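Just below sit the structures, each encoded as structure tokens.
First chain A sits with chain B, and in the next complex the same chain sits with chain C.
Right after this comes the complex of A and B.
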């Protein structure tokens, strides 16, 4: 990835991090953190879309990350940094096994099996007593030294991960992902192990989703199985679709827009389901390239800029 | 032995509803190559209308079977109209676009769930039994109502089989699902066939909802449970395959009846998910899928 993009996006992350210092603690701080986590979830979904597969198990990986953070913080009493790292690692490890088995299938089969996997993982949480069963886990707090600046930490970490995902997308491996999406047999014919490359893509996506889950566990302090049903994948899909999946900025734009509008709509008394449903339908029918695609079409001279950064 | 027979009968009965439901899914996939997540909403809509109309009609002096018949007709008719509206203003533009159509159907599913929750409320509704009494044979006990339900589902499945194998429409549908371009070259009116297939699939989903209403509790999210199982049934059997959908549904019905008897329903659900993944590991395109 070229230096200009790196420095621009790095600058954007620093600016976003500094901007969070101005956010008052309380609801608005939580809203900003939810936005950042939603961005990461949508980016994870988009990353797996690079190999052409819609990963509906994203919610399961977010849940695994959240439970990983929950268990290591409340039961094992491990430090925060280890717990957060573990949330990503657990999700990636299970993502490896899941991907290794299921990525032999593709298209609708992979999509539907990811959907079934999400529901199965959710049922497992409810059955395991030391995970809190149906009521989940409580008391997952960030450490004291981060209490005040947790929002800055979340926003900067999400920013860094987004840059890392983009760097992978631009690397040789990322080119392989896109080539697999376009025609996996050609990729196979030049000696790339298609199956393992797809599994690697899913693993990286699962890692990002797991970190999103770990971060959200520390924001909400409470996790329960019901939070990680397939509805969560649906929301991630809505963020991605509204933002536009062609550009790495799509997840950012979509998540910020929808979380913000969603909180306004909920304040006005509209149902969450109706809001997200309408957002998806309208963006699919009217904005096939999403908000980012629309912006770059309105400013054709600056099209290239919308695709980088 | 008696227990085994009882479990088989229960499995058949549960499986028959999944069958009706998943036939619609597989039909839409076969002809349009789309995954329709809004299919469960037709089920919910028709079951909900039955659950609302039956008490409303019976308090106005209509006898229970007539009220159920009217409710079911209304539920099925409204579902088909809604389904065709979704087709006309949505799915029509997303044929053979798996991701796009899936996302659109997710949007519709969410929207409808929200609307149902708003208008019908989260409360659980129940319809009084339409047919009373039990039927027992070979020492197996089934309520007459569940037996009738199984028979209705079987009748519709046979009717669909007949349509697909013997009528011009059915042959055209099969041709389109194998190769739509070759079918068009033969002069098969593709758009009309797709429209009819979507209507038939919606009809099957709505019928499943209407006949399930008297034997289960109806909530605005009842369709979602059937959707998950219906899709697993189709995935096990092979997307687009009609015999596959039937085999997959019966498989899930048996697992639910056996697992629910020896363990508990959520263990049965987990077993279904694990077995579905194992089957896909061995047959990535389902037991009877080939394309």
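Right after this comes the complex of A and C.
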């Protein structure tokens, strides 16, 4: 990864972390944390898009992370750091099995499997009583020493994970991800194990989604199966399409914009979902490269990043 | 290159059927270390299927495939590639949205699994230099002219340092100058690295110039095999594929 990009990204994370100190506790703080979590979720979706697959199981991995954190904290009484790490590890481990079995398929088939997997996992939560069944789990709190600064923790951790995802994208492994999206036959023909490389990509994406789920469990303190249906993946797709999927900044711009506007749209009741649907349609029609693509086109002397190289 | 050398690649009774259609039938060919072998025949003769069979992209209905005497029948393209056989594709043998550097890098990653970053990057530079692509390393491959794209696809395969380089119509769409330059590159690759080359090509002049042996396919079967001179003088081949003009 380019040292200049790394230092600029690191600086941006530090600035964002400091800025959170100015946010008043309560709804505003929660809104910022929801934005950060939405960013990570969309970044996870974008990461799997590097291999050309739209991972609708993202919601399932967010849910697995949230339930991982919930079980670790409320039932097993494990420390916060272990619970949070576990949320990512559980999602990645299940992501490995899921990917290994399903990534032989491509495109709409993989998308449909992801959709079905998400709904299946959601239904499992409702049937398992020790996971709280339909009611879910309550009492998932961050440790006392973090309560006041949890917002800073969330924003900085999400920032660090975004940088890590970008570093992987820029690595030789990341180049192989994009090469698979472009032409998997060529990648296969030079001796790279395409299937395992795709599984690795999905695992990394699932880990990020799992951490997003773990963080959200500690923000909301309550989780229930209904929070992790396929609509969550649709939201992540909306964040990505509005922000722009070509740039790693796309999920950041899209998630911040839509979560902010979504908080306004809450007043619309069921219309909230219409709002996200409209956002996807309008951004695909009017902003094919998303807000970030539009901004980069408007900046004079800057080449549009029309591709992920 | 003695005829008695153990073949790098050998097929024995290789057959592929698609329902009632026999695409390749009972094919016995061998590629010896360091030789340049041409595979010719009209459209539908089974050249591409043969390529797919020996590179593992298609499993044979019957017959065996050996590399260095080891039976590799039914193995995946990845495993066959790791044994030293790398192929290009007739259409789209590169990653269009990636830079030339990253395209070649994918070949280096395939060859140098677990190696240091610098080692792979050195391999990219070496392959780019061999193919004359140094000036285009930071260009997006899909934006390059067709001739350069063909060179990029060879560079990707060359970066693996294969022992058998299988090229599927590498000269298609090239003008004579570009075709000659590509032939020079292939001679250099063989000369410096000693890898065998299996060439499927419609450009008869190029095949006759470059190849030491030629196998002629017809309806999925071997019609003739021999040196370019022998193939030129083979009446059935001449009448079927080369027409009546003998200047080739």
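In this section, the second predicted complex is superposed on the first by the 297 of 309 C-alpha atoms of A that agree within 3 Å, B and C clash if a C-alpha of one lies under 4 Å from a C-alpha of the other, contacts with A are read in each partner's own complex, and residues count from 1 in each chain.
We adopt the following convention: a contact is a pair of C-beta atoms (placed from the backbone, for glycine too) under 8 Å apart; a residue touches a chain by one contact, two chains touch by 3 or more.
Note that this is a predicted model, so its numbers are computed, not measured.
By the document's definition of touching, neither partner reaches A:298: not chain B, not chain C. By the touch criterion stated above, A:182 is placed in contact with chain C alone, chain B being left untouched. By the touch criterion defined above, A:285 reaches chain B but does not reach chain C. Judged by the touch definition given at the top, the superposed model places A:113 against chain B, while chain C stays out of reach. Of the two partner chains placed by the overlay, only chain B lies in contact with A:124; chain C stays clear of it. Counted by residues of chain A touched, the larger count belongs to B, out of chain B and chain C. Of the two partner chains, chain C is the only one touched by A:192; chain B is not. In the superposition on chain A, contact of A:172 is made with chain C only, not with chain B. The intersection of chain A residues touching chain B with those touching chain C, taken from the two complexes, is empty. Within the complex formed with chain C, the chain A residues making contact are 172, 175-176, 178-179, 182-183, 185-194, 307-309. Contact residues of chain A toward chain B in the complex are 49, 54, 101-102, 104-109, 111-113, 115-117, 119-120, 123-124, 126-127, 234, 237-238, 241, 271-281, 284-285, 288.
The touching residues of chain B, when paired with chain A in their complex, are 29, 35, 89-90, 93-94, 98-100, 102-104, 106-115, 117-118, 228, 231-232, 234-235, 239, 266-267, 269-270, 273-274, 276-277, 280-281, 284-286. Chain C contributes residues 55, 57, 76-78, 81-82, 86-89, 92-99, 102-103, 105-107, 109-111, 113, 117, 120, 140, 153, 156-157, 159-160 to its touches with chain A in the complex.
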